[in-house]
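Below are two complexes that have chain A in common, paired first with chain B and then with chain C.
Coming up: the complex of A and B.
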């Protein structure tokens, strides 16, 4: 059974339809990516899941029950905008959030210390939040969202403000949480992180779902039309290939895209081999970034055409 | 849990520097007035205009700044399993409550030091604090309601400023102009009713009647005395002022409960 289910959820702000009939479900123990360009309706969708906003229509079910105050207890939420008491000390703040989620002061304190250690933030307990850097505040806020061991963890742009070392640390922690059976809903613009972490994704544009499924399945669905080439010899032939776009090119390497659906890779290889000495000819899987751009651009084109 | 939430909010508010500066301002002002004019009655009259002008505008802007500064934090709190009504009342309670606390301490400490045993003078101090506190609640409620309804903070501050200016300065001037234009007609009773629509007028009337500061009473204050007599006039002014305190808070709650964050 899905841990989270959205059924035909819609939300309007005045005349703007921010979310329009969105449906998807999240399976337990998986990392689920909620993707989309700016203003697509991701944050509104998350705010409805966390019960900050109420949908105008449709249903949101968490663990088989409509979201509400009881379900909020089972959610951990890291919002995109940081929200901590600026003058409060770190430990006091974490205990406060733990208590709001139903932990006793002692349980909250123990969990906070454990998490501070895990995120290499020992010694921060007595620091005021305003004394911390953006990245450090981000870690504190992350701890506030996982302190009560939620079943569903919602992370909206969790890597904002983190340096590469802390990005890696947070990635490890997210994977550990997944290994413990937690479900993670993850919203980001950084596609390389989606590729690295997510099992399933849903792509939203203009408030509607335009693509959904497991990452593997989606990538397999898209045509493998990109070729990585390494060669020696004069490369003039690259300019004379019908139905092929040169994406990037250097003296002995190039990345090509087959625009003509009738063109087969073996035909292209034969054509290239007739003029170049081929050292490498690799058919690449499309990246999520490419799929994202292609899908959104196609929708924009369709919108213009309509 | 509500008390716990309020406790954290109050502690956070007490850590701010401005609320201490606000308390220190009233403490130094009241103490200074007592040193220059040893008669407590003159001190109360001296404080009257400060209470009527400074207290509302500070409360209004305190609410606006407090809301917009903690806007992101509010979103996080609303995602916790805490009823929305609690979130609202802890915000209002901690914001208006700390202002009232520091205002009351600032005024009352000098009264207790200089007017020890003088019940009449102490009661004047208490009336100043009581009426000032009501003004804090009213203007804090209006500020909070404005912040909840307006996404654009500049516009909210603008509307707040205009509202304060209207009630502090413009309303009386317009009322006087109206009375002057209609001086050949029986306008006493309509003028009396018109005072209900300005909380600052009501507070001024109430305090001038309590402080027996006839010179500051003005036309509307004199009307209250003449039409209703001292006690009934004070009761009506206080009653309408209490309604003013409930109205904006009710409006703020109504908007907060329905707002899309």
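Coming up: the complex of A and C.
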């Protein structure tokens, strides 16, 4: 059974339909990517899931029950923009947020210390937030969202401000949470993170779902038509390939797209091998980035046509 | 409404603020400032009296007034028979502060001459004028043939003593002193409503500007967040006032006897028994007035605080709030301008009506409570009216707040804010 389910959810602000009949469901224990260009309606959707905003129509179910004050307790939310009291001390602040989620002061304090340790942030307890760097604040904010062991964790651009080491650390923590059976709703513009982490995605644009499914299935849906090539020798042959588009090329490498569906990769390889010394010939999966751009721009064109 | 969440929010608001340097400083320095404001005029008069401790030589050509002046205030006047040229030389040498020439025809012409180097100052001139006038009048009456006993009777002043009749009997009225107390209390409530209202507003803006509100709103309902903040900060105000009351009570009950014991000894002439019946008696503030003060502070605070929260929620930064604040600051300032009218006739129709207006009541009712005996039904009616207004205010504010906290960017106009309240 889905842990989170949106059914025909709509929200408008004045004349603007921010979210327009969105439906999707999130399976427990998976990392779910909520994707879309700026202004697509992601934040509004998240705010409705977290019961900050109420939908005009449609239903949002969390663990089989409509979202409300009680369901809010089961959600952890890391908003895109950091929200901490600048003059408060780290531990005090974490305890406050934990208590707001229904923990006792003592539980909150224990959990906060445990998490500070896990995120290699021991010794920050008595620091004021304004003394911390952006990345450090980001860790504190992350702890605030997981302190009460939520069943659903919503992370909106969680890697902002983190250096590569801390990015790696956070990825580990997210995967640990997943291994513990927590469900994670992940919203970001960074497609390589989506490829790395997400099991399922939904892509929304202009308030509507335009693409949904598991990452593997979506990628399979798109044809494998891109080839990465490394070679040496004179590359004149690249200009004389019928049914093939050269996406990019440099002195010893190129990316090709096979436009003719009848053309098989092995035929292409034979043709190339006859004229070039091939060092690498790789059939690429389409990247989510490409799929994202393609889907969204196709929509824009359709929008123009209509 | 989930009270446990409200309590968590409330206790953060309270502890963070009560621990803050601002609170400790204002709690300690507030009374000092207030005392300074009240004591300044007194200090200034004391000061001028001190500097005018100047001696004047009196050259009296009639021989009938100088002695009277010296008898009246020997620290000010002394009779001298030196010729004027010599007096002038001594004045220029600095041996004299001034000299007074009383010509022989003073009873007819009514003119005397005062010579000083600097002009003497208004207080001194008034004093000399009064003293000489009185003595000249006395001499004129004597010249007209009235005997001393009759003159003494004519000079006697009638004293007005005021009494206040209550159910428990007749007591001496200290209306004037209590009216002054009322003014101070009204002023205090005025200051507190402003300071604490602004504190609520700034708190809301801080949470919105730092995007904390997004985290809060994913944990509690906007109404709970707003009420937690308003209650928490109100409790801070109550704490401050209670500290002041305890401090004030301690100082008055601890220091007043000391003050009374020392003052007469210092001034020498006033007997201790007389001191109690003269102006030195500290006005005793009735317990009911203290209760009324605390009650009206709280009701005034709550009346305005949720509205301040609504204004704060509508803007992104403090400077934007300035233009939206006037509908709140106006009804706080207005009663301050009306205080004198209310004090002049605290039982009059105007005063009664003004003090029943919910937005004015916190200040004006306290002034009336101090100055007169306000009938119980008026206090009850004003409490009811304030409660109703408060509920309406909370209802409107909650609707504005709920929308305002999530909207960033352009500063809303009044019309838009009212639309939020309607549609909320």
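By definition in this document, the second predicted complex is superposed on the first by the 297 of 306 C-alpha atoms of A that agree within 3 Å, B and C clash if a C-alpha of one lies under 4 Å from a C-alpha of the other, contacts with A are read in each partner's own complex, and residues count from 1 in each chain.
As a convention for this text, a contact is a pair of C-beta atoms (placed from the backbone, for glycine too) under 8 Å apart; a residue touches a chain by one contact, two chains touch by 3 or more.
Predicted model only: the values in this text are computed from it and were never measured.
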| item | value |
| --- | --- |
| Superposed partners chain B and chain C on chain A - clash or fit | clash |
| Partner chain in contact with A:228 - chain B first, chain C second, else both or neither | neither |
| Chain B versus chain C as contact partner of A:127, first or second or both or neither | neither |
| Chain B versus chain C as contact partner of A:17, first or second or both or neither | neither |
| Which of chain B and chain C A:72 touches, first, second, both or neither | both |
| Touching both chain C and chain B, counted on chain A across the two superposed complexes | 47, 50-53, 69, 72-73, 75, 77, 79, 81-85, 87-88, 96-97, 99-101 |
| Footprint of chain A on chain B - complex, ascending | 1, 4-5, 8, 11-12, 15-16, 70, 72-83, 260-261 |
| Chain A-touching residues of chain C, taken from the complex the two chains share | 2, 5, 8-9, 12, 16, 206-207, 210-221, 406 |
| Residues of chain A defined as touching chain B within the complex | 13, 47, 50-53, 69-70, 72-73, 75, 77, 79, 81-85, 87-88, 96-97, 99-102 |
| Complex contact set, residues of chain A against chain C | 47, 50-53, 69, 72-73, 75, 77, 79, 81-88, 96-97, 99-101, 141, 144 |
